[in-house]
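What follows are several structures.
One chain, chain A, appears in both complexes that follow, with chain B as partner in the first and chain C in the second.
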Partner chain A sequence: MADSVATTNGTEPAVTAKANPAAAVATWADERLGIATATKKQLRKVFPDHWSFMLGEIALWSFVILLLTGVFLSLWFNPSMGEVIYDGSYEQLKGIHMSEAYRSTLEISFDVRAGLLMRQMHHWAAMLFIAAMLVHMMRVFLTGAFRKPRELNWIIGGVLLLLGILEGFAGYSLPDDLLSGTGLRIADGLVKATPVLGSYMSFFMFGGEFPGDQIIPRLYTAHILLIPGLILALIAAHMLLLVYHKHTQWPGPGRTENNVVGYPMMPVYAAKAGGFFFITFGVTALMGGLMTINPVWRFGPYNPAEVTAGSQPDWYMGIAEGLLRIMPGWETHIFGVTLSWNIFLPGQIAPIALLMVVLAYPFIEQWITGDKREHHLLQRPRNVPTRTAFLAAMITLYGLLWAAGGNDILATTFHLDLNTITYFMRGAIFVIPPLVFILAKRWCISLQRHDKEMLLHGYESGIIMRDAEGGYTERHLPLSPERAYTLTAHERPEVYAGLSGADANGLSAPKARLDQLRARLSKAWYSGDVQKPTVAELEEAHHHAELEHAHDAPLEGHAADGHQFDGRHEVAGEELTQKH
Partner chain B sequence: MRLLTRKISARLSARRRSRLAAPAVLILGLLATGGVWAAVAPAGADATGPNDDQIQAGRALFAVSCASCHGLNGEGITTKKGNNYGPSLVGVGGASVDFQVGTGRMPMAQAGAQAVRKTPVFDDDQIAELAAYVGSLGAGPAIPEASDYDYSNGNVARGGQFFRTNCTACHNFAGSGGALPKGKFAPSLIGVSAKHMYEAMVIGPQQMPVFSNGVLTPDAKKDVIAYLKLQEDAPSPGGFALGSVGPVAEGMFAWLVGIGSLVGFGIWITAGSARVKKTKKGADA
Partner chain C sequence: MSDDHNHGTELVPAEPIENPGLPEHLPRPTDVDPVAEKRAERQVATLFGLSGVSAVLFCVSYFAIGKRDVFIGIEALQLALGTTLGLALLFIGVGAIQWSRKLMSDHEIVEYRHPAASSEEDRAEALAALDQGIEDSGIGRRPLVRNSLLGAMGLLGLPAIVALRDLGPLPGDSLEHTVWRTGMRVVQDVDGRPIRPEDMQVGQLVNAEPAAFFPSEEGEEPEVPEHEILAEKAKAAVILVRMQPDDIKDQERAQNWGVDGILCYSKICTHVGCPISLWEQQTHHLLCPCHQSTFDLADNGKVIFGPAARHLPQLAITVDSEGYLVAQDDFNEPVGPSYWERG
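Showing the complex of A and B:
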């Protein structure tokens, strides 16, 4: 491409361009830090373009906003449970006894310039942080992006979600308003529900009987130092692994397991991702400026004797709240000890079980499908109906429990009966998710069937043809090769058949029972799936289409109204003759 | 003098076994008690008390609009199961009528878990007449005077404390209302008049407990009203209040507004790139 000799015969001699000051800076830095070598590869790192790849970025940028606003808040917040009498500018609380933590929260809200904006941005960003993590996780789940080699990154993501929730809960508890304290009281209850050790753990945590005077400073350490440090480290690990594994991409022409098609980091993705930070910041600032979140001044200082209607945790704890609210009041009294199943099961066993299933999921699926190969091309949700339907059922369960956690708000808003909602939810969480599973699975299968029909018979063109007998048919036109390639890019799965029952010596295979279970699960996993057409089927269909074309061939070149649009030939220049 | 007293006592003594003696003493005693009561009775109970005309007019209204549930004499109607079709109104007092009818809760539009607030059916005079009639059935809290619920000197901070201790458990931290078991609910306190708030605390309508003067002194009641009235007028420092129902609404807005718009922006950012436009131009050429 580049010629070694001059391509112009101008009379002026060539001069070197004016030195770029940015280049000078870069050179200066490179000579001392070696950044060119270190970043050469990363600057050209390719990111594929798809909206669903931006969801994790929302979480990342929300976390940056959390750090920025959090630093601002920490300049004024005083994490102490020391008792003071309020004498700030909020008249309605003047002269009221409260903790230093609550007083300084009021000060941030009413006396520090932009304090309330920062507090509300911090809280909204926290809500968005966890919501974005969850949405990102759902994307990864639905597209199979957690498969080998990304299982560990999935686990890191799951731990990040857990840490995010804990961090959010710690932050929720810091202002020491009535809502904070009520939340802590529930946490106290959850800890105390531990058989035998409960009360000791509670006393250890609160430094004595609830609420004590220790919990706020302790939570503060966790909230601004311990958990953010862990989150930051895990985010770094998460992104290093992302760089190491390369980004996944949707299948399509030119996209293989060995490449990534997209735009380079510099300048395209740096601009896109950088711009997205400012958009996220803008949305958070607008929410913080316009929408009240946690009006601590309305709740008043925490007082263990008070509780208010509408006491709920932030949304990400909604399922825990829902489980607690619909759990029947089961208790066992044995050897003078009360075992509170009503709190122990929903408050301790259920969240741990949920976390374990989430973290173990990639390995569970691998075991069922037997697919332990590397994957960098994503799966369309419809092509893995069982997994997609499982997530649909889980989302339903999550939504139901979340709604159960807000049963009083539902009751007042929609004029419903609180008890009926509770009884309904007790049954619904067992009945509705399976129904949604079946529905979503059938939906995926019908979409798969649609894809197959398009591949075999072409897409519906919307052209209605009338034949000589007077019958009507819709003309189907073949898909473009690119589209057909994309639709057939996924693999043809194999059902795990299991080891054959007994070997030649009449001995059954080791772990035969487990193996049979695996074979059964694998069969169920793929049951009903519509496979993409085989080469033979496609050729047969194309042959059929050619015959049809041959049938129409005599009409070629004979312009007739209606045939301008049947897609058989170029129509440029053909006008309607209107001779009929 | 001595002679006179002796004379009278002798005469009384002579007649004390008369058949009329007992009734006479009874009448005297009643008159004396009544007289003393009239002299020392609390002002307000009777000073501007209902007159007979009001009671009669109230009785007529009651017979038309209330008696089908509460009975012709306000004695209540018991169902076959032993429940109240409409409870007895003997002893509920005028304040109860003023609250229930004045907020439109009575007459009920339909049977349900709880009577709901609606536009009052009766005007102020008619409510006063009904209150006079029901008040005449038996002693109960009378309609409070304007000075009873004049909250202009109320201590807002103290009122807030009373409110959070006694009221928020049902009515929510912002007085937005809350749910109670079996379809019952604590209504929103926004837009309720000071008089009705005061009456509600005194009479404890429907699910609400009575906050007697021993529990919440008249001054404390005024403080609570002052706090609630201030909340009604106070600007919302944080922006839109999102219904003031707590974190459930906040979570909904975080998802719908926050995640919704950010995903929208994400779609926008990835929808086109400089290079995509270039290829399109190239294709056109």
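Showing the complex of A and C:
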């Protein structure tokens, strides 16, 4: 960086600036802020292109939309639990007792023009925000983009997802309608089940006995200040690290671990990303305008003695809901105290454990594979079968729990017995994910094998050749060099074998056991993986292909059905179908 | 660890196939054909223009359409505002992307990566500076200073926690009591009307509440002040259910705690506190809509399915001198979700 000071502090910058107004502004700013040094590289920073890199962007843009629409809502929303009698323009609720929070939500929906639009956009954007983070995270996971040096960004991302879910729950609770109050009631039950401190935590949270008159104002502070502030700070850190590490890229011709190939920030990436912001925003506006979400006026104000059948939280709470529902009713009464396993296992321990596994994942994988090098090229999911299969199993578990969270809806929609569904789910979450793991791993391995076949014998052209002796073979054509290179641009796995000899003797017993475990895990991790061909194997295959070619040579120049399609033969004057 | 392949070697050895290098750049039609270029330019400008039109239409709709106007069964204002805003934004987005794809240079450029770590010298220098700082502070040599500082910092956590004490009152025994007491009438939850046993048919379930939530017959204010009603309701809501007396398993209890086959149970689920509402007449089962815990009201409110662990608390009832259902006393156990000191 030292020499950049000298090159940018030119003596007469104003001379070139005359020509272009943008440059004039930039010069004005640089003379005061010295920003040229910092931006000269960043303005043409390279961003590689791939559709899956857009997922994180959707999350970012939906957060911006949440900020904008949220500020609009906060101009009218009144976060108070004070009781009022409704006298607004929604006839069905006239004369009903409700909180000011609920009344102001009705006001936003019916009396503020564009208010309902903004409310619905806010809610849709919240769904999009969390969904996009989740899918973005899966992309990062599947392609190994969390590997060194990006482990911290993985952790930041995980915390962002958690904060997003909390923020969503807080927002969902604000309107103080029957559904949001029911959600809070369940939260109160979860908190109360905390060992030792439960009832105290509940009283401190609600400012007294549930529901009290404090929770909405408190959640409001969390919802519009505390959590968005944290999210904003973490997004900033996420982006800074992204810029520092530079984006990962897919391997391909000219793309290596040591470079990054793509379009410059200014102008191409800026136009694409900026355009994409408007598209996300536009789609959210259309959804907010045309698709009803959370019609709070239909549910009525919160009343702890009422609930509607089929009440459901927002989808991202689905797995917590599912866990709560399928947990058997275990409770221990001992020494005059109550331990509600049925609540704090699914409601507290399970989410915390899940979060820990997610955050620790990069380090767990690193320990198993022993790979502590930097990685900037992405991996194809099939080339890391165990990781891919693990995600497939986790997605299955997520789906099962999610379905369990709607077991009543499943029962009524498909006329099934509710209890049977629940018993089934209790077993299914332990049985089906491992099966999916095995299947997904097999599938990856067969895809790897397919890749290897193509490299060695070319791709299947669909052309059937009949040789002089009357035998039939399918003609294989070689891959293009670019394609072949791309398929082989990944590492050869190295199984961690465990320490041996003097190294192993020096270990204490627990450490030795840990080392053995690690070696076993590493072996299992790579078990069944198909290695890409070696140079020798490729040469041998090419040699073989040449022999084959010689064998076919007498047929060259003779038309065969399908020649027309291989793109490698003169076809002029040939008819598509030959007469026999 | 020696086994980590941390040697800074090329990570993806170009084997078995050499890296063929970046492919050649192929020009797009708009790069070589001025007509195509002009067309793309017009396309982009049209998209931006349409966005402007939509924005203006948004403003027109805002003022021209009434709040209650309906268009083919949909709120017209909502429909118009959502569509015009959506299109105004989408057109800008699509225009910008079209611009970048068709008209901006599409030459890929290459940037080189550097390891995330600083250079060895920089790291050594930074570590030396850190050591120097630690050394100069003497923190290692003066454990007394260090430990007293750590202690002081630790204690600072206390004010931070103590200052939050007034977030709420202590629970005390408030979770163990409800407003029910001897002789309080069990009334309809909608209008506060008292209930006679003969008002209820066999198989019927009535959502009920303590009379203390409603103005008295003489028109006095409810006994429970307005702002406490929700919190009290969250504990005191009940259901009355009338069954064939023979169907009830615990006959002794039915005699002592019920009236002619009418029993009264807490409406608050013992799982995490939803009000329970789905009644199956034939089976005497009561199902919680939140997580489907099912309670058998003919069998002391026993849990027969679902995640709840405890039976539904029962409220002992009788009739008063005027023949209305009243509570014999408060519940004899805490209602609602479990908590540690519940026992």
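Worth pointing out:
Quick note on the criterion: the second predicted complex is superposed on the first by the 515 of 580 C-alpha atoms of A that agree within 3 Å, B and C clash if a C-alpha of one lies under 4 Å from a C-alpha of the other, contacts with A are read in each partner's own complex, and residues count from 1 in each chain.
The criterion applied here is as follows: a residue touches a chain if its C-beta (ideal position, glycine included) is under 8 Å from a C-beta of that chain, and two chains touch if they have at least 3 such contacts.
Remember, it's a predicted structure, so these values are computed and weren't measured experimentally.
In the superposition on chain A, A:Ile279 contacts both chain B and chain C.
Residue contacts after overlaying the shared chain place A:Ala38 against neither chain B nor chain C. By the touch criterion defined above, A:Ile349 reaches neither chain B nor chain C. Legend: residue contacts after superposition of the two complexes on their common chain; A:Trp330 is shown touching chain C, with no touch to chain B. When the two structures are aligned on the shared chain, A:Val431 is found in touch with neither chain B nor chain C. Once chain A of one complex is fitted onto chain A of the other, the partner contacts of A:Gly212 are limited to chain C, with no touch recorded for chain B. By the document's definition of touching, both partners, chain B and chain C, reach A:Tyr263. Between chain B and chain C, the partner in contact with more residues of chain A is C.
In the overlay built on the shared chain, the residue A:Leu116 is in contact with chain B and with chain C.
Shared-chain residue A:Leu517: touches no atom of chain B or chain C.
Residue overlap on chain A between its contacts with chain B in one complex and with chain C in the other: 110, 116, 263, 268, 272, 275-276, 279-280, 283-284, 289-290, 303, 305-311, 407-408, 418-419. Residues 49-51, 53-55, 57-58, 91-96, 109-110, 116, 120, 124, 127-128, 131-132, 135, 178-179, 263, 268, 272, 275-276, 279-280, 283-284, 287, 289-295, 297-300, 303, 305-316, 318, 402, 405-409, 411-413, 416-420 of chain A touch chain B in their complex. Note for the complex: chain B touches chain A at residues 113, 156-158, 160-161, 164-165, 168-174, 176-183, 185-186, 227, 230-231, 234, 236-242, 244-255, 257-259, 261-263, 265-267, 269-271, 273-275.
Touching chain A in their complex are the following residues of chain C: 1-6, 10-23, 62, 67-68, 75, 77-79, 81-83, 85-97, 99-100, 104-106, 108-113, 115-117, 164, 167-171, 174-175, 189, 207, 209, 226-227, 230-231, 233-235, 237, 267-268, 271-275, 277-278, 289-293, 303, 305-310, 336-343.
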